[in-house]
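Notes for the one structure printed next.
Letters A, B, C and D mark the chains as written, and numbering starts fresh at 1 in each.
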């Protein structure tokens, strides 16, 4: 097999996370075949088992699976918000940086990395935004942690981001509570982009939105991907969303990655029984 | 220069203290004696003791007298005294099983092993003022003493059981209906007088903090959690009040030696419990524990309800919207009466400096507001003038 | 030339259908052939015989069950498209191998111009430059300018197919895979397709087309493979 | 009275174990400038919120040879200062002074004395609220993690919102600062005028919060930086042309008070909040 490129931004190896004490039967009684990630004997949830993936700069990778498949756990581990039990998350700054294992960063550096190099958009805006602060303040948070200390410059950059995400700039000082669901996703995207992150994590960003609003948010994400050539990891239970944005896709089931491949191959020639079920249900 | 700021000074403070002292006696009535307070204001003394976290009935009576009946002030006096005492030794863990009960009730079963014992209960009293109490004399005292003897005779327990009852919780636990206690009981308990609370707090810290909390605060929190801002569904497993023997390990032999007994209230509340989400253990009831010095039933029950709610909150087994009573930090950091009253009262202290700083900031904010208004106005004017071509 | 551009050896594809009791269907029996640079290679046969399966295996939309597909890549040298890793395939799709499906699958709310320019954007071409080329292609394909900013979702079948072909040809890949390129087209446009194939060959593109339309594409093919 | 006090209580009221624990916490606080160190905080005979934290620090470090100054709002004669001084002297017998320069140990509420403090002096400040993050995160468990990760973004957003809503940084007192480029610290309610006097000072500043059971410190020569923006810099209460109505000082923190006139009515005047400073200037002027 050819090894055509080592040019990756993120390389995840053997990432595992479990909740609960664990018992000798856990791995036997859970997984895609067992159809559950929770051990019936000890109650431990094997939320993510030995996940591996790599991301090239500028690429969009989709992660698809039902709720409880472990896709959100995987995303939260990549967001450095959930600490894995084992594994490594190697990161190489585009342009030939020395790879670092993000899991070995101390709390302070991890926090800075998360702020400066990662951006995340949650399904529920209240997870990503502080509803007590203005929209501008929310977007500014990343800039402030990156030590921007000039209100004028912060507001200029915030306005720029709001314009880029098609938000009314004159509402910069309004409270998020006065914004619609679709607009709040835009605010989250604007905030995520504020630090010009290397990797954007999108967690079910259009679930729960009206169809027409969903479409516009997806258009925005696609446009930004084009313009900024930003690397994205897109988690969704909706194959339609994945198909529109991701060129490679990972399929998760009961804590395991059961299949990964080019998105069109996953759609047209799915290998794993679960993927076949997923594709046949979507069409 | 003719300007001298108003200043308190030592003189004023001393005079204020003297005034307080004099005011108490200025009505000319007979000064209260401590035994009177101890015997006739039992609940005030109990409260001073459990909130002051010191078992000393006569000192508590003194505190009640000195505080002129203010319960928080009385408990404060006791606590400030307690801190100056040297620690001789720690008692062995005392168990409510050994309590010589004056009163013992359960709401979970009609009949319980050992039976229900109402004892001295105000619960069923019709709340009518009794004018005759205003004119009690020695004869009344004699009559009451005689009747007390009769009542004691009537309620005399069978010779086999001298006031020791089996516990309802033990029965439930034997039937595997209760979740096991959250902490390892062998672990050295947290000492609130030697360590600052930090969160998450061990259960022993929680129980200590609750035991010395203000009765009213605990009642409010517990009430909120059962009324509508929480998921608590308490049932009173058992409430007992009586005399609890206190033992220490003999310094030479290590054997337990009873050094006396204290009056105490103990409460166990069971609540609709769910098994913890990720566990194959069958669902069980949750047990909350409450304890006070003296007779303090509402506080012991409130404490038990809150203990149960907080245990469930930590285990993640509460369902539905949970209110502030399920927030351990919120409950424990705000229910100490002495801390809460001290800080609330501290706003009586001078704040000239901070208020001056506040004034300056307010001035700036008002200037900003005025400027914004002016800009808004001029924009409006500009709009109207452009709309009407001249 | 030491190697042909594409050498398909013993290619076989079977689908294991887990949802239908694990039944296996195999649309394609073993097939081998060689395509040289600049060549127009035509695969014909009745529908359902597995013509499209071959193209999809080459493009890796399908995973071949057996066999090798050797491609002489500019970027990676000789590479087996059956085994190559996904990032290599993605790069080859951007730079060297184009695919034109039977029907246009368009992203909603994207204009005809952007749709046709997308392969150029992906190659990293500046937007203005790409759009200038895109406009040329659209007018060559006979699309009237008022349609350029509209979404192809609203277009007729023939118009959509023109956009589809334009998208495939515009990037000038080294290997272009065409699936029934003349289906649903009128006679005039069919001729346009033949001209486009010839022009692409002239620019250095090898074309593999699958079709049952031997009458139109047969005459312009350098090699033919009949699936029976 | 003092006879019986001496019999009942040890030097400095609290027992030696408690003092040792406080001194250990103080050492830790000095080693980690601006970091909040938990301590047991004994019950004191004055109310929680009335200076029990500062009092415990003072009692833990005071020695019989110290000269003590106690002020509240800058004033030696303020009721609370008088009360605390009475308690400390009754249980230690140390000498007291109103003269800042003569004091070796100063306990204060809400002010740093106007005169420049020296390296042989210690200032103990009484702290009501400990965590500057409480405005954006009242939950201590979460706030502790934020301090651990130096995650102060939300506090900065609070400052930003202040500018946007009020046109300026609107925190009047308890101004948050970053100590030694690491921990965010509450400056107790000292006015902003005093905040910069913590920066690279010669003196050891100790902060005690009795009710909140935390101790923290700013050791000598430690950088202390208030939260500010390049275009909205930190400003003190100082107003050009300000002047103490008593001593005429032009560079001091002033508070306003009402002075009744001889024939009824009266007027509001501003004078130094640091009364001993003001008095000394008056006597110095003759």
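Criterion: a contact is a pair of C-beta atoms (placed from the backbone, for glycine too) under 8 Å apart; a residue touches a chain by one contact, two chains touch by 3 or more.
Given the structure is predicted, the values throughout are model-derived calculations rather than measurements.
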**Complete:** Those chains that touch chain B and also touch chain A are D
**Message:** Of all the chains shown, whose C-alpha centre falls nearest the centre of every protein C-alpha atom combined?
**Reply:** A
**Message:** Counting only Cα atoms for the centres, state how far chain A is from chain D in Å.
**Reply:** 47
**Message:** Between chain B and chain C, what distance separates the C-alpha centroids? Give it in angstrom.
**Reply:** 79
**Request:** Return the distance between the CA-based centres of chain A and chain C, expressed in whole Å.
**Result:** 33
**Item:** Interchain centroid distance [CA atoms averaged], chain C/chain D, Å
**Value:** 77
**Request:** Indicate the residues of chain C shared as contacts by at least two other chains.
**Result:** none
**Asked** What residues of chain B sit close enough to touch chain D in their complex?
**Response** 1-3, 5-10, 12-13, 76, 79-80, 82-84, 86, 193-200, 329, 333, 338-339, 341-346, 349-354, 356-361, 364-365, 367-369, 371-372
**Item:** chain D - residues contacting chain B, complex
**Value:** 8-9, 13-15, 21, 38-45, 47-50, 52, 72-75, 77-80, 82-83, 86, 109-111, 128, 139-141, 144, 166-168, 170-174, 189-192, 211, 213-214, 237, 239, 245-247, 253-257, 259, 269, 271, 273, 275, 282
**Prompt:** Hey, which residues of chain C end up touching chain A in the complex?
**Reply:** 15-19, 56, 60-63, 75-76, 79-80, 83-91, 107-109, 121
**Message:** Under the definition above, what is the set of chain A residues touching chain D in their complex?
**Reply:** 107-108, 110-111, 115, 130, 133-134, 136-138, 140-142, 144-145, 149-152, 154, 173
**Asked** Which chain D residues qualify as touching chain A in the complex?
**Response** 148-154, 156-158, 160-161, 163-165, 228-232
